[in-house]
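The same chain A turns up in both complexes below, where it pairs with chain B and then with chain C.
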Partner chain A sequence: MRRLWVWVLLLAAPALALTGDEVLKRVEARPTPKTFHGKMAMELISKQGKKLTRELELWSKKEGDAEKMLIKFLAPPDVRGTAFLFLKKGDREEMKLYLPALKKVRRIAGGQKKGSFMGSDFSYDDIARLGSLKAEDFTSTLKEVEEQDGVKVYVVEAVPKPGVEHSYDKEVIWVRGDVFVPIRIEFYQKGKLYKVMTLEKIEGFAGGKYQIPTRLVMENVRTKHKTVLVQKDLELDRPIPDSVFTERFMKR
Partner chain B sequence: MERLSRFATRSPYAVILLFLAVTLALGSGLFRLEYDNSPESFVPPDLPAKKLLEEVRETFGAGDVAIAALEGEVWNAEALAALRAATEAVAEVPGVLRVTSLANAKRMEEVEGELVIEDLLPEELSPEAIPGIRRYVESHPLYAGRLVSEDGRYAAVVLEVDAGVDNLALNRAIESALKAHWPGPVYLSGTPALSGYILETLRRDLPVQMSLAAALIGLVLYLNFRSRRGVLLPLLTVSVALVWSLGLGGWLGFKLGSISSILPVVVLAVGSSFTLHILNRFYHELAGGRGRSEAIWLSVRETGLGVLTSALAAGAGLAALYTSSVPQIKYFGVLAAFGVLVAFLSASLLAPAVLALLKNPRRLLDPERPDRVSRAMRALAPEVAAHRGRILLLAAVFLVLMLLLATRVRVETSFLAYFPKDAPPRVATELIDRVFGGTETLQIVVQGDLKDPALLRALYAFEERAKAIPEVGSAVSIADVLREIHKALTGTYGLPDTPEAVAQELLLYQLSGDPETLTQFVTEDTSEALVTVQVRSLPSRALEVLTQRLRALAEETLAPHAEAVRFTGTTVLVLEVMRLILHDQYVSLALALVLVAFFNALLLRSWRVGLVSVLPLGLTIAGQFGLMGLFGFPLDSATALIAAIAIGVGDYSVHIIVRYLEELRKGEAPEAAAATSLFVSGRAVFFTALAIGGGFLALLFSGFAPIRTFAELMGFTVGATAVFALTALPAALLVWVRRYRRGEERHA
Partner chain C sequence: MKKLLAPLLFLALALAQEGPVLSGELTYAVGLRYSDLRISQNQAGFSLKLKAETETAALVAELEGGPAGLGLGEAYARLYLGPVDLTAGRIVVSTGRTDLFSPLDAFNPKNLARPLAEPEDQKLPLEGLSLVYYPEDTDAELELLYAPVFVPSTPPAGDWAQPFSLPPGVVKVETARPDPKLENGVFGLRASTSLALLDGLDLGATLLYTYTPFPGLKALLDANNPSQPCLDPNAGPCVAVLGYDRLALLGGDLALAFQVPGVEGGFVARAEAAYGRTADTGGTDPFVQDSYLEGVLELEHTFPDGPTVLLLYQTRYAAASGFTAHHLALTARHEASEDLTLEGAWVHNLTDGSGALLPRLRYQLAGGVSAALRLAVFYGGANTEFGAWRELGELGAELRYAF
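== the complex of A and B ==
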């Protein structure tokens, strides 16, 4: 009799849990702040353990289909003042660069999205999405439901649907069931594990409305190179004037 | 000795079972045998250049460089698409760390006021885009002549491969990946590729050489014994020795390389002579009317001393190679010495056990019967006795002359020299040398502040001056990358003026790819940079000169601005092998001669005899090096062994000494003793020389040039030791060893 109950529970369990698609949709549905200002400490760690730390300040703002972002390097001293400006409106993208040593602002052709974010193991795309995916573009399956520190964790495998352009050909995402924020993502390229992102610390802002990862680690499995990203002094939803996203501000 | 043979004749089954058991146990090691002929298998692990190379691999993620040239018109959309597919496919091959070709090169330039950093080849390759790409590549010093030939007829795929992988499997995987996508011919070269081709030849040659050597030795044995048993029994004993030694190698985790291909032949040739001597005596005693068991004991007792002495001497000579700092030579020495000793053991145990079980042959032929050979030997004896002074003088002149010629011997360790002129790897190497300016790479690690514009200018100056040397194809470092960035940013080629500008331009470059795009040239903390110099495949001597020149240039240009400048790369390792071989030569040679003299003196109980016994050897070795000097044969990883192996094969002269002493002991006059000794043992020496020479003849069919040279020299060696053993040796004995006290006869 007891055995039968176990069977019933086992068979019923999947029906009670969410599907992979539902998990991704919940992640996607999380609110994101309209403006973002803060500092990032980026530690690049080589295979041999050699470290290089860069610090930058970041301003970003979203208004309808327009996105604006400014990044300024604070450290190391020799790159202090180097600035990047990204402006996006609809399909139009513009990227500008200011190198203080040359005292000139240069326009840079786009197509950097897949490239490295500020020379780290993160790509722009990784930073922008932080694990969130457009659920409708992916075929997703719930692989497992784990439990970590008393919290349910969904493990979802997401494969881009045919015709969808995506940097990776597979992602396996661990999503915390209480806040629906990814905590670990494995990125696959050409069928092989390529990078692993761990969102080590997630903090609630605006009374828990925003769940922002403040310590992230990205490891390139192939090269054994690692980047640790720490976000601090965050200001969310505080108005940022448009004058910040200008050449003049870049040079300042 | 005699006790052993008595045991063997009394319990033949026990002996045979014992051998069978050990053969099975050790033989299973054969399946564990691996092959390796990388430069690493030639250099000791603690060599500074090797340690630095490992550091370079770690720090810069760099591998050993192989280069593939894809032949066919490059500048059209189909070819570039094929190149892209081939590049992607080859990047997936396990063991390939990094691939560089036009297909994954970056474009960085200013287009209509916009800085463009993107992949050189756009996703969609349209025919209209080709001229623009071509113009860019041809004006780009990092790409033109390096990734595509100047005439646009060849595309290069530069492969960095992991050290310590099976180079043969890697070669095959690389070739098939490239050929699956590129329609034209594909050529592959560079040290790792050559290592792979060497392994390929090795695996093909090894069984052929072994069977050929066995067949030739068998033929000589047949001429001597005129019976099946006389052929099969010695071959059985050496096969056992071969299985034991190769199997032991497998269990000990030794890897076979080009040098190891000599191993089976050495064991076969040297080992078969042991059984030959014992069998000779056995048939002689049988023909003299003795019973089978008694004949066995007698033959082991009488020839046993000679066989033991020569086995110990051969073992010592080969084991002396253990002092070599070249791992491959070291392992060869150990296994060959072990094989020779096992051959001795099976000649004095297994052979008697088998003989005890077999019926006596119906037709008996005394091998020591006076035949044409022994009659010639008898005729030789009075001549030697009469002209002993003149013979010794002649020998002295020969020695001096050969030593003088030996000073002209040069060392050659280039992997390319392994291959005959028309072999495909050689053709590929020459082609790539011609179109892409080189197949070998030198890696130079520069330590210092890489943000210092002065050091960067020095790097660039070094490269420019290096490239002016005809043998240098290209030189690439972070300085070239910075010049490209600077050009894209400012419109003119140049290097940034301040450390800040350097740092900022480097940062910009990092944005164009993952962190690795930069760390293959400079460490993240900009404290170390890697300069990669591509040079033509050259003979060792020329390469040494070139490296010296580059070192001097680095000293002049780089050293004043850097903390340290160090050279490495597989090319440098191969040069180090050259130095090691030369150095080892003296050590192992001296040690081997001393050991042989020592063993002979010990077993024959006379220092004087010990010294005289190495005379034929000394003369032969001098002759070998003299000939190498005379004919320009290089001293390489194979010919470096000839001296040690000469000791192994050449010590059959000990049989003449043993017989001479035996006759003296019986109270014969020295002249008569020499005559008997030549008459009886001379024939055995003659046939042993033939058998051993025949064995080594098999190596003439090797696919490696050094092994063929080795075989030619071995031909001389075997002949010369025989001639010296039959002339200079008895002459010396007649001059210096005229008495042999009784009481010295008790032996093993």
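== the complex of A and C ==
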């Protein structure tokens, strides 16, 4: 009997030994496509249940420490043609918005990243990161290990390190232990729960190499307003020319 | 023209196969003047836009209908030729960076018949060419513009028209436009780039070789002998000839994004400065409009989960005549929910103390239908810029269906 316990402890040891930082590093290290192109349906749901749907097309690309993302609004008509460009190289981030009615590309200030992205519960920064984070920017603590549907789920509290610019002062992240993909993130501001993102559907692509959340729900717990983001027609690792991530392409 | 028509027709047919996108909107606006409870505006309008695009070309045609009748809006063909975008047709371009006041955004004429319309809706398409060159691996762009025929702006009409006095002896007014010759066209050149400074810096430089948007007095002629000047404009009979002066508009603009330590939310500073040079730099010729300097400073701040606020200061100075005007403006826009947007603008003329207050509320109804309620309040003395419109303050409503 004692021998059995030793075996159980030995088998469980690697999982139990994971620290919060290691969990986030595994999340960060999981395979992600170099390029991503797809369509999104963004459903805005008010506290009263009133719905408004927006359709977007998204292109993104990662090369070393450089990230590029372009989003174009396809519907409804009042926002059709609006385009959002996010460029990141190292610690430098740049965001621009093209408003077709003005025929102007407008720069968005860094601090505006916390603002609502086109009326949704996602901020510009949330959209730019879509659940991803850089483990080294956070002091992470493993709070709990849960089990959901037979799968181990790590609950990690991540607090931005001093000097790291971040939209929230704390995130609590539920990470599935089999694929190391976040399934729920709680965002805190000024010590209080502000928003909750649930990654409701995660699909495997490229033979299961990539685990991509295809249905995300962001709820503002203060206003009870929700935004549902559904990703479809995904194309991964297909070459996307750099010319896509330019003001010229935003205007087309 | 026939030579141009064939390739355009070919382009249209090729693009039609790509599945053109039809969009448009129907609007109905009504205004009630609160000083005398008169209906000040009661008009319906529509626009239909057809756009077809491939990897190498685009075709856009817009049909507009309103109280003035039916007409073409923007209508152009665009070719994407490597690093160059070439556009020909009825075009609308933006050559400025600041909002509300933009001294450099003067390529397209403006329809100011109703001065309260949205600035972007006031731009009138101009028949011309645009060539934009995007050098590879840079954030720079170089734009060349040319319109062979100058089209003046439409001045405020009806009750909105500013009083204009001519000598009592004037019995006839003629307005002369520049002859449609190559050298009489409107030319533009704009270069812009982005630099990695603070949260990002955009810089631009613009040269427009255009005309004054509104006519000035060019000559007073004897009505009985038009080849001779009118000797006594007060006795007449005289013919007043109005015309447009060549204007070389040279200026620069910038946008700088930054953050202030301890302040939540970001800031963007924008600025434009322009020198408008006419043939009369010394201000000695009464028949040529004066050269001027104009500048705009703008600061934008977005409050976290709150409104986006713009604070603007504009100044215009004509050294020859000593004319000076300063304006201060504050605008705010807040998306209170996914269907309710609150907007407001306050414009104040610091020189004559007049101003305007323009709040608006827009509500998104179902299926592309939106409704807006707006108020316009003017204040100031009778002979001031906005005070002249004191009696024209109105409460308006608009219904819009976009598809």
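The rule we apply is simple: the second predicted complex is superposed on the first by the 187 of 252 C-alpha atoms of A that agree within 3 Å, B and C clash if a C-alpha of one lies under 4 Å from a C-alpha of the other, contacts with A are read in each partner's own complex, and residues count from 1 in each chain.
Please note the rule applied: a contact is a pair of C-beta atoms (placed from the backbone, for glycine too) under 8 Å apart; a residue touches a chain by one contact, two chains touch by 3 or more.
These numbers were taken from a predicted model, which means no experiment stands behind them.
Trainee: After the superposition on A, what does A:Thr82 contact: first (chain B), second (chain C), both or neither?
Mentor: First partner only, chain B.
Trainee: Using the superposition on chain A described above, determine whether A:Lys103 touches chain B (first), chain C (second), both, or neither.
Mentor: A:Lys103 sits against chain C, while chain B stays out of touch.
Trainee: Going by the contact rule set out at the top, does A:Thr139 touch chain B (first), chain C (second), both, or neither?
Mentor: So A:Thr139 meets neither chain B nor chain C here.
Trainee: Is A:Gly119 in contact with chain B, with chain C, with both, or with neither (first, second, both, neither)?
Mentor: It touches chain B and chain C both.
Trainee: Check whether A:Arg248 is in contact with chain B, with chain C, with both or with neither, and answer first, second, both or neither.
Mentor: second
Trainee: Looking at A:Arg92, would you say it contacts chain B, chain C, both, or neither? Reply first, second, both or neither.
Mentor: second
Trainee: Considering only the touch criterion stated at the top, classify A:Thr32 as touching first (chain B), second (chain C), both, or neither.
Mentor: neither
Trainee: Would you please give the residues of chain A that touch chain B in one complex and also touch chain C in the other complex?
Mentor: In the superposed arrangement, which is not itself an observed complex, chain A uses residues 44, 46, 50, 52, 76, 78, 101-102, 104, 106-109, 111-112, 115-116, 119-120, 225 for both chain B and chain C.
Trainee: Contact residues on chain A for chain B in the complex?
Mentor: 44, 46-48, 50-52, 73, 76, 78-79, 82, 97, 99-102, 104, 106-109, 111-112, 115-116, 118-121, 190, 220, 223, 225, 227
Trainee: Hey, which residues of chain B end up touching chain A in the complex?
Mentor: So the residues of chain B touching chain A come out as 58-59, 61, 92, 111, 113-118, 451, 489-490, 496, 498-505, 507-508, 510-516, 518-519, 523-525.
Trainee: Which of the residues in chain C come into contact with chain A in the complex?
Mentor: Interface residues on the chain C side: 23, 25, 53, 58, 85, 92-94, 97, 118, 120, 132, 134, 139, 141, 194, 196, 199-200, 202, 255, 257-259, 263-268, 300, 302, 304-305, 308, 335, 337-339, 364, 368, 370, 402-403.
Trainee: Which residues of chain A touch chain C once you look at their complex with the stated criterion?
Mentor: Within the complex, chain A contacts chain C at residues 44, 46, 50, 52, 76-78, 80, 92-94, 101-104, 106-116, 119-120, 225, 246-248, 252.
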